[in-house]
Every structure is written in structure tokens, then in C-alpha cells.
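Multiple structures are listed underneath, in C-alpha cells.
You will see two complexes here that share subunit A, one where it goes with subunit B and one where it goes with subunit C.
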Partner chain A sequence: MSHDTRPRGGFGMLMRSLLIQGAWNYRTMLGSGFAFALLPALKRLYGNDPNALARAIERHSEHFNAHPYLAPIALGAIARLESDQVDVETIRRFRTAVRGPLGGLGDTLVWATWLPLVAVCSLVLYWFGVPGWGVVLAFVLVYNVGHLGLRVWGLWLGLDAGRDVGARLTAVDLGSWARRLQGPLVIGLGVLCGAVLSAPGGLSSIGPAWSALAAVAFVLGLVGGHRAWRPAAMATVGAIAFIGLWGILS
Partner chain B sequence: MSVVLYRVDERLIHGQVVIGWGHELRPDRYVVVDDEIAGSAWEQELYALGAPEADAVFATVKDARAHLDEWSRDHVRTVVLTRTIGSMRALLDGLGQGRAINLGGLHAGPERTRVLDYLHLTADDREDLGALAAQGVEVFARDLPEAPSVDLDTVLSA
Partner chain C sequence: MTELLRFGVLGGLLGLDGTAVGQFMMSRPLVAGWLSGWAAGAPGLGITIGAILELFLLVSFPTGGARFPEGSTAAVVAVGVAVPFDGSGAVAASVAMGLVWGEVGGWSVTMQRRVNSRLVPTGVASRTGSLGRAHLLAIVTDFLRGAVVSMVGVALGRAGLGVVDARWPVDPSVSTGVLYVGAAVSLGILLHDLGGFRRRRILFVLGLAFGIVGARFL
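Right after this comes the complex of A and B.
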């Protein structure tokens, strides 16, 4: 039996990867979703042998976890390993080793950088007078260009690199992308603070006391927020929210 | 002593270790002790990606035993990780006096019985832990620093 170097079924896997969290559970986490998304590739390889297909689905339903947007890297690489007829034990070890970095990189790049960056930029648009529906539309479009782009790129990288995705990811250095985006994120936050303070209906129109309180809270958070004892931080945020609400309602 | 944690966790370098324990212990080096991974470049690349801000070192049990004293004395804050309780015993056998090992993620599998949500042990694991404890090694189960620590007697009686 001969194989193309690049396994087929990529489009089906990409579409199914959007549902990879659909059967999330504490025991196998993304496991079932992973097997579901891999099915187009598995069917091409084991389509003539229902028993082999069933065993493959069972293997790929085992515990798996990763950031959902980066999971296509693992899907692509494993489709490639299966298609290259790599032994079951090596594939299992690959699956175990790849989940840690894909989780950590995804959290840093998406949850801690891309999502807040696009959200802050959208809020800036709002405070500069763009109507609400326009802001929501801009957020959804821009956010998903990054989101879907990451999935397509990841699947392609996995299919291309197979077992060597580690070396390829080291070369690409997703962490440095996150660091580069953090600059614009900080600038966006600064612009947002300025807009919230100075815009009509913003903080400065409520009164100087509230602006001062917001400034104090900002400085406290900047200086001590990251090392505050969690209950103390929550109590502080709660107190500020209470005072703020009381000021607005009274 | 600059080995700040000895941990058994089949996921090795991953979020719970790097974020959970890393935030608390601030290690500069992760040493993965595993005979198979020590000879597998592509696996090392993957695990090293999990700890971008620290060194990742991969060693066989034999090499790690030779370096254990050095790691304990130098000034690099080090976390030592193994995939199995068996390799942790092989690493510390006869050298473990006064050290403590942390049991983290060992998940459900054939011949393993549940002790805690994150801890499932085989009969061999229990024997290895008993042998280490008899040599003066403290054993405790704790998945994250903010979780309660469970001592060996409680682990073995489950």
C-alpha cells in the first residue's frame, strides 16, 4: 500500500476541530472530541477494516488536553504519524508529550494576549463613538481572523511536520508572538483609560472623587496586584465595586 | 539544598507543574529523569517547549543518580520529575535519606486503583513507596501547592 506524504482529509478535520470541546469531560477532557476530529483521516487509513478503525478510535479517545485553537497541531501531526504507519506506542507517547506545550502556549497566546488585546481595542472604538453593533461586529471579525488563522496554520504545520512539531514550534516561537502583542495591548489599555476618563459620560463627568479612586485602584493593582493574597485581592475589588455602585446609585 | 521539588507526574513538564508549582517555587531548571526520553530528541523538544522560562534537562536514571549530589548542592533551583514511581525509586534508592517526594498526576489505567482524583496506584507502586519511606524518604500527595497535602499512610490505606 502506498501513501502520499501528506495525509488527506484535512478540511474535514479542520471543520470537526471546531467541535473538539463538544464532549468535554473530567475523565478524558478533549479525548472524545479528538477522536471525532481525527475521524476523516482515520477512515481513509482504516476504512476497509472496521476492527482496525474501532481500535484506532478507541486509542484516540483516551485522555487528551490542549488549548482548543492549538489542538489542530496535534491532530495534523497524529494524522501524519498514522498515515506514515508509525507504531502505536510512539503515537501514544507523542500524544502525551504534545498536550502540555499546546496547553501552555495557547493559554499565553490566546487567553492572556489575543482575547484581551482585541477586547481592549473594541472598547476603545466604543469610547471613540463607534456604535455598539459596529464594535461587536469588529470584535467578532478580528478575533476570529486570529482564531481561525491559528487553527488552519496549526493543522497545516502538524500535517507537514509530523513527529517533529516540537522543533518547528521552537523555531516559530509562539511565545515571542505573545510578547510582541503585549506591547499594543498595554498601549490599548492606556488609550482606553484615557478615553474612559475624558469622554462625555466617562469617569471625569461623574466627579473628581471617582476619578481619583479609579487612579488609586489602578496604581494599587499595578504595584501589588500580581502578588496579592487572593482573598485580600478579591475583598479589595469587591469593596471598590461596592463603593462605586453606591456612588452611582446615590 | 537547591532541588526544590521531586515529583512523580506522568505528564512531566506541563501546566500544573510549570504554572502551579513553578509560580510558588520559581525553579530555573527542570530535570526529567526517564531512560526512554533521554534518548528521544523529538520528545525532548516537545517537553522543553512546556517550560520556556527555565532550562529543561533530560537524563537517564543512571546519569541522574551520578548528578544528584551536584544538583542538590549548586545554586540552580531545580525540579526533578519522573513519569513513574518506579523510576523515582530507581533514582533515589539508597540516596533518598532526608528528601521528600511529591506525588502528582498518575491517572486511571489498567491495574491501577484510585487513591485520589489525580492519583491511581498499582501494587508495585505501593511497594516502591513503602520501600522509599523505609529509607527515610518523606512521601506526600499534592497536585497543586494550594491543595491539601496527603501523607503516605493515608495514601496507602486508600
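Right after this comes the complex of A and C.
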């Protein structure tokens, strides 16, 4: 792909990548969304040959999965491979090779670190008495600087590196970014726990027994991990339902 | 009915953000709760409910094909249920309804994705036009899914809360206490995910001390 043609196809792919999960399904997962997002590049390459375009769409609609924010890396790299006229089988193997790492890396970096970090900090703002609109604005702005930055950078990296995207990703080491963010997230989590405990209207204002119960519940989550979530949520719903029923019957 | 429709549209749009369009995380309970409250003229109630639900759903993310409670539906329904009531149990009961309906929303996302399997074209049918149409159709049906699930949740929740609101037997602080105890499990799970207390104790305790002092004096 020549540098002067990259931005137009790239912008279209970037915009369409926002809809990449639009038709997420259990058969092809992101497959059809991937082809949908790749269309601007494919049209530029095969626009004069409807059959070649249809075959390319068919190829790229096959099963694919990745984290939606990191999928632009694969989009850019594959657009570059298509434009370099790399053979179909190599592109298919490349697609298969990148989907696992892009999924795992995205889940670790975004869902398990960036999102909780921004959410925890926003909740801290709320508990520290910042007005609701300020909390929401801070969350949306900060979160999406990271989100959109990742999408733009990923697409640029893919378009630039093509088949070398793996080596470039290894050099950047996104996994280390996740590890670096975990320290601030732990501090933020501690601040949030302290704020829920001692803020006006928090647990300590209700009574020490509630603080003790919350500490026990915290330890349950700490020990049980994700297995504890659903039982805890359902126990909460059950307790609230019991109180309501008690009110009706008494 | 207009108010129900408003919550339906909001539920549909925010549901799309969570799964299909953009994923700007406007669908997180904190944002969805405030937006729902703002749309109903009660942003303070919205952020209160959104913050409590966010505590619960801090460890729930839209990962790939996993089944997860839908935070946007939970928040829209909880706020939609709570708005007309001012009894001592309104917030607690509506958050409970939100938690239940978030699971219903999660189930409906799974169903939507099964429907999408039939909508997306295969083989030679996957040409430019049909691919775009299938994509658009999947997004529209996903919007309708979110809207219907939210409207049904708000309608059912209001009917239920109408029965118990005036007879709520305990002080609001007790109801809130129950919610915080339930939410504390999620905070524990998050620390578990980050390596556990033993590995992270210094940073966690430092944060805890700052949180206790900060929330009192800042």
C-alpha cells in the first residue's frame, strides 16, 4: 500500500471498526464484522472487479475473533497484505495466527485493567463528593482517550507493519502496560474501599456491624474470585426481596 | 407510556454501546444510571443507583462470547423503576430489580447473537450489499432487543415496587447496608484478580488509608 493512499481507506476502516461487533455471532464471531470493516480497503483494491471483491469479502467473513479495540491492528495488517498481493493462503494463516493474541492481550489490557482502573477512579470521585455530571464526564473522557487512542494506533501499526505486526507488537509489549497499570488500580481499589467505608452516607455511618459484614463479604470475594459473584448478587436480591415480603406480610 | 418509551430508547441505545456499536462504555452502570436519571429529571438518583450498580458490576466485562449481566439494562431499569417512588426501600428494591434484569439482558444478548448467526451471509451470498444489510439488520434488532427488555423491566419493576414501597419495613440505611455488603464481594473479587491481598497488601492498605482519611476530610 502506498503511503499516499493509506489515509482514505484507513479512515473508513477506523470508522467501520466501531461497528465491528455489530453482527457478533457464535458461528463466525467477529468474522462478518471484520469483512464489513475491511470493505473500504477491499473496494479500493478490487473495486473494478466485482468477482474478486466478492471472493475477498467471502474470505474475510470467515471465523475471526479479537478484542474489538485491537481488531484494527489485524484490519490494518491484512489491508496491507492484500495490497501487497500476498497469496490468499498466507493471509488466511496470518488471520488465524493473530486472532488469539489480539483477544487475550485486549482482554488483559482493556477489560481487566484499563476499564476497572477508570471505573474505580470515577467511583472514588463520586464518593469524594464530585457532582454526578463531573464523575460521568471524567469517566467517559478518560476512558475513551485510551480506547480511541488504542484503535487509531492499532490501525496505523497494522497498515505500517503488515506481516511484521507481530514483531512490532512484541517490541511495544502491551502486556507490560497492563502490568504497569495494575499498581495504580490496586491503590485506587484501596481508596475506593476506604471511601465506601468512611464517606458520609457510607458504611461507617450506618453502623459498625455493617462494616464488619462488608469486610466478611470482601474476604469472600477475595477468596472465591469470580465464582462468588453470582451467589453474592443473588443473595443481595434475596435479602431485599425478603425485606419487601416482610413489609407486605406484617 | 411516553416515559416507558424514553427508557426503552435509552436502554436500546446503551445496550448497543455495550455489545455492538462503539463500546465507548456509555453502557457502564455509572454512566447509564446518570443518563437515565437525567432523562427522567432525577440525575442525583440516577448517579446514586448507577454508582451502586457499578460497584456490583466492576468485575463484569463484555468479553467475547461470555455470558455477562448487561450493565446498561440493569442501570436503565433500576433508575426507571425508582423514579416515581420516594419510599425508604425505593433505591434498594430498584437496584435489586436492576441486578435481576441485568441477567435477563445478558440472556437476551446471547439470544441476539444466536439470531445474528442466521442473519450474517455465508459463501457467495456475502457480497458487499448483503454484508452491509445484514450488519445493519443485526444492529437494528439489537437496539430493539435492548429497548424491549428495558421497557418490560421498568414496567414490571414499577408494578412490583408499587406494592412494597409504602410498606417497606426497615430504615433506608439498613437497605443501603445490604447493598454495600453485596457489592463488597465484587471489590474482593477485583483484588483477587489483581493478585490477591498478600501480593498487593502494601499498595492496597496505602490506598485504604488514603480513602478513609480523604472521604472524611476532603
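A few notes on this one:
Operating definition for what follows: the second predicted complex is superposed on the first by the 211 of 250 C-alpha atoms of A that agree within 3 Å, B and C clash if a C-alpha of one lies under 4 Å from a C-alpha of the other, contacts with A are read in each partner's own complex, and residues count from 1 in each chain.
Note that in this section a residue touches a chain if its C-beta (ideal position, glycine included) is under 8 Å from a C-beta of that chain, and two chains touch if they have at least 3 such contacts.
All of these numbers come straight from a predicted model, not from anything done at the bench.
Of the two partner chains, both subunit B and subunit C are touched by A:107. In the overlay built on the shared chain, the residue A:165 is in contact with subunit B alone; subunit C does not reach it. Applying the stated contact rule after C-alpha superposition, one finds that A:207 touches subunit C and leaves subunit B untouched. In the superposition on chain A, the chain among subunit B and subunit C reaching more residues of subunit A is C. Contacts of A:97 after superposition: subunit B is touched, whereas subunit C is not reached.
In the overlay built on the shared chain, the residue A:85 is in contact with neither subunit B nor subunit C.
In the superposition on chain A, A:27 makes contact with both subunit B and subunit C. After overlaying the two complexes on the shared chain, residue contacts for A:48 are found with neither subunit B nor subunit C. Touch criterion met: A:215 reaches subunit C, while subunit B stays clear of it. On subunit A, the surface patch touched by subunit B in one complex and by subunit C in the other comprises residues 27, 103, 107.
Subunit A meets subunit C in the complex at residues 18-19, 21-29, 31-33, 35-36, 39, 43, 53-54, 57-58, 61, 65, 68-69, 103, 107, 111-112, 115-116, 119-120, 122-124, 126-129, 132-133, 135-136, 139-140, 143-144, 147, 182-183, 185-203, 205-207, 210, 213-215, 217-226, 228-229, 232-233, 235-237, 239-241, 243-248, 250.
Chain contact summary for the complex, subunit B toward subunit A: residues 10-15, 18-19, 36, 42-50, 52, 107-108. Those residues of subunit C that touch subunit A in the complex are listed here as 19-26, 28, 30-31, 34-35, 37, 43-44, 46-47, 51, 54-56, 58-65, 69, 89, 92-93, 95-96, 99-100, 113-114, 116-117, 119-124, 126-128, 131-132, 134-136, 138-139, 142, 163-164, 167-170, 173-197, 200, 203-216, 218. Contact residues on subunit A toward subunit B in their complex (touch as defined above): 27, 63, 93-94, 96-101, 103-105, 107, 163-167, 169-170, 175.
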